[in-house]
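Two complexes follow with chain A in common, the first pairing it with chain B and the second with chain C.
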Partner chain A sequence: MTKPRLALLTGAIIFAIYPLIVSSTFGQRVGVLVLLAALSGIAWNVIGGYAEQVSIGHAVFYGIGAYLPLLYYTRTQSNPVVMIPLAMALAALVALAIGIPTFRLRGHYFSMATLALGQLFVLGVTIAPALGGASGLSGPVEQNPWELSMRSPVPYYYVFLVALALMLALVAWLERHRVGFYLRAIQSSERAARSLGVPVYRYKLIALMISAALTALAGSFYALFVGFVNPDSVFGLLVSVQMVIVATLGGAGTLYGPLLGAAILVPTQEWANATFGGGGTGLSYVIYGAVIMVLTRFEPGGLLGLWKRLRFRAAASA
Partner chain B sequence: MLLQAHNLSKLFGGLAAVSDVSIEVGPNEIVGLIGPNGAGKSTLFNCLAGDFRPTRGSIVFDGIDVTRAEPERRARLGIGRTYQIPLAFGRMSVIDNVVVGAYLRSRTRHDALARAEAIVDLVGLGEWRTALGATLGTLGRKRLEIARALATEPRVLLLDETLAGLTPVETQEAIELIRRLHASGVAIVIVEHVMEVIMALAQRVIVMDEGKVIASGSASDVVRDPRVKEAYLGRRAQG
Partner chain C sequence: MMNVLNFAHGEFVTLGMFTALLAFSFWHTGPLVFVPLAAVVLFVVGQVVYYALIRDVMRGPMFAQVLATFGLLLFIRYMLFWIFSPNYRTLPSTLLGGTAHVDGLYLNYPKVIAAVVAVVLTAAVYYLLVRTQIGSQMLAVAEDREAARLMGIDPDRVQALAWGISAACAGVAGALLATFYYISPDVGGTFVLFAFVAVTLGGFGSVPGAMLAGPIIGLVQVATAYYTSPEFAEIAVFTLFVLVLWVRPQGLLGRSIGGS
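Moving on, here comes the complex of A and B:
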């Protein structure tokens, strides 16, 4: 078995048995949060990593995914899970509406536009009483697996793990086909890509829509797991920034980068929050800031980039 | 005519980089485009390939007006190009770089890969197929540019100083490659400083200076043209 395959198999086994070997609810909760961060990181990576169109407003799609099921439940007392596909479709439509004007912009301008839009959504939802305003919305209280409402984190863990496997399979497929080739070409040089017949604008839109739909799925899962959402917890800037950090820490534009990033960042964050208590959110900003500084200064390729470089060096000196 | 530019001008602010230029390229013709630095050759290329919109004039490709067409549409119609400063997709392997171009005329991944493999071998990059674009040297990147453009199956190929900086042996290899491409039915417009290349390849030469066409004809005719001599030598004499 080749080394990468062995690493993959080991990783898969660790993820599969994690809730069985970690018995504390805290530890299992951290496992679920890792999977949620990985899901949104992988989703962000489709547009932010492969095509390097760095969105700092993906919380818009996460928030749509989180709000729609709980809004439906609050209004109708019916199963919120049925709203997940609709939330994904709505997020893709919003992505289209955002992408059409902003993809005329390039590089930093696109990032700035998404940042501004993200903040607009926080404001908009906060002042909308129909959406629960600043106090947010709550999900089902009674246990019902069909409504993804359970006490123990373990069932959530396995549902999200299956979703993660499916999402990875989808992105791996995209990576190997036309979309993946085109996005990586766009990342490198839009000009050269266009000269080869790549419809850059259209493919950026497609990638943003796929990315938005998958981000909404992660948002829905988060809402159903936590059972409560408010504008800051799902539309906030920190949510967008976490996706960027998770993907770039592990390796933006790589299949497993966001998963690796989430597996390192989330436990660190949870440990720091548990250890230092009250100033939890503030501490996240400190950790994110530190990660951004270290990555941009020393390893823009993330941990997988570092690993590749070290292997290359070892092979060269052998 | 396959490719025609009529009275083409491109202004940057008040400066006319290309001024009232008309050129024609026939199917299966090799046209050399020469001129001193700053003559407007690359700007003309950028207008023909769609990177720049001309300020005035029109461009017709195979009977279709493409003056305002996006570069990707021109590629689909059959205009291929390389860049003076190669724009390799640095984080992609050589073969993947070429697959991007090959997808234009391939429906499946299998087709695109097969097409790319054949072209990578044709341009002599076979042993580098898995190397990342960023790790290639100048010659490698230039070959990669040609390979990518070829993968789109162009009917006219615009080569922008593709042979600059090559050793004599490499230049000879590149000339052979261009001859083979031409023999396969591709029209070629080549911008080059190395006169030896132009003399060896071009059936017709267009000379530009200060944004205008100052001479055109066979290679041996234009080098004797006093205006051409002045454009090159006059400048040098003035320092």
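Moving on, here comes the complex of A and C:
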């Protein structure tokens, strides 16, 4: 068995048995949060990483995914889970509507436009009483596995883990197919890609729609796990930035980068919160910020870059 | 200017405000002292940030900048939070007090002075960029770092200077704002989004563009708040921004960009 395969298998086993080893609810909760962050990071990565179209407005799709099921539940008292596919479809449609004008923009202009659109959604939802306004929406209270409403984090963990595996398989498939090649061509030089006959605009739109649908799925999962959403918690700028951070820290444009990023970042954040968060001093964020800065300072291409270099060095010395 | 999206720019403004606050509480100095002081302090901060962080981050892809400057934002904001607590503070309004009454308009002195300094400072930065050697060097580095290096320009020195100047301007803005605005560790977030919008709307790297976009944003905000309701003010700004970019992808006064 080759080394990367071995690492992959070890990783998969660790993820599969994690909630069995860690018995504290806190630890299990952190596991679920890691998976949620990884899901949205992988989704963002499709357009942000592979094609380097740095969207800072993905919270729009996350928020749609989070709001639609809870809205449906609040209105009809029926199972919110059935709304997940619809939320994904809606997010893809919104992505199309957003992508058509914004993909004419390049670099920072695109990032800023997506950021502005994200802010528009926060503000819009906040002043819409039909959507719960600033106070948000709540999900089912009584336990019902079919509505993804349970007390223990463990079932959530496994549902999300299966979704993660499926999502990774999908992205791995994309990587090896035309979409993936085109996206990487766009990433290295949009102009060159265009002159070689890549339908740049169309493929950016396709990638954004896929990315949006997957982000919406992560949003739905978040909403059902936490059982409560408000404009800031799912549409906010921090949500968008968190996706960029998770994907970038691990290695944007790589399959496992976002997973690695989430596995490092979320526990760091939770640990800092639990250890230094007392008294509301904000020290936990100081540490969190410092960790991000140090990691980017020494490995701007993401941690998977470091891993590759180490392996290269090991191979060279062997 | 230097092709970096700095999420921590608002935090530089906050640092300027706290410099003013500290200078006032310890030495009871007025704006004549603490505004230049904030400029100097933030100039140093900008240089340190460049050499310690940004220089290496620039080697990576564009999203590394988002990551690093966001880390910096958290670090600065919550460091201030930790040291000073999240309380709102203000400088005594008598520091630069008074209101002028000109032809039916009530003008608040601190705001007038801040506006004048802002215009003068913008003009100075513009002059620096287009009329001096160091300015040309900055533009050259921004355009093509390697080519600039071949022309005998030290890109690090030039970019560090640009970061210093950029931070110093934010510091001056902060120190001036401190004379009439509340001071708290998270106040920077209020400004940075609008700064981004102003810079993008005007066109990245265009000083006159930002100077034009700033008042437009302010007017749209105030007009919307006045004619409809305050909650629509920000919505109007962001909508206008998206619409303008739709029509002019390079911003109002930005040069059209080729390549990627």
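We adopt the following convention: the second predicted complex is superposed on the first by the 292 of 318 C-alpha atoms of A that agree within 3 Å, B and C clash if a C-alpha of one lies under 4 Å from a C-alpha of the other, contacts with A are read in each partner's own complex, and residues count from 1 in each chain.
Keep this in mind: a residue touches a chain if its C-beta (ideal position, glycine included) is under 8 Å from a C-beta of that chain, and two chains touch if they have at least 3 such contacts.
Every value quoted in this text rests on a predicted model; they were computed, and no experiment measured them.
In the superposition on chain A, contact is made by A:Ser189 with both chain B and chain C. Contacts of A:Thr275 after superposition: neither chain B nor chain C is touched.
Of the two partner chains, chain B is the only one that A:Pro199 touches; chain C does not reach it. Contact with chain C, but none with chain B, is seen for A:Leu123 once the two complexes are overlaid on the shared chain. Ranking chain B and chain C by residues of chain A touched puts C first.
After overlaying the two complexes on the shared chain, residue contacts for A:Leu115 are found with chain C alone; chain B is out of touch. When the shared chain is aligned, no partner comes close enough to touch A:Ser24: not chain B, not chain C.
Looking at the shared chain after the overlay, A:Arg178 reaches chain B, while chain C stays out of its contact range. Contacts of chain A with chain B, set against its contacts with chain C after fitting on chain A, overlap at residues 189, 191. The touching residues of chain C, counted against chain A in their complex, run 3, 5, 7, 52-53, 56-64, 66-68, 70-79, 81-82, 86, 185, 193, 196-197, 200, 204, 231-232, 234-235, 238-239, 241-242, 245-246, 249-251, 257-260. Across the complex, chain C is touched by residues 48-49, 52, 54, 56, 101-102, 104-109, 111-113, 115-117, 119-120, 123-124, 126-127, 189-191, 237, 241, 244-245, 247-249, 252, 280-286, 288-293, 296-302 of chain A.
Considering their complex, residues 49-51, 70-72, 75-76, 80-81, 83, 87-92, 96-97, 99-101, 103-104, 109, 112, 133, 148-149, 151-152 of chain B touch chain A. Listing the residues of chain A that touch chain B in their complex gives 176-178, 181-182, 184-185, 187-189, 191-200, 253.
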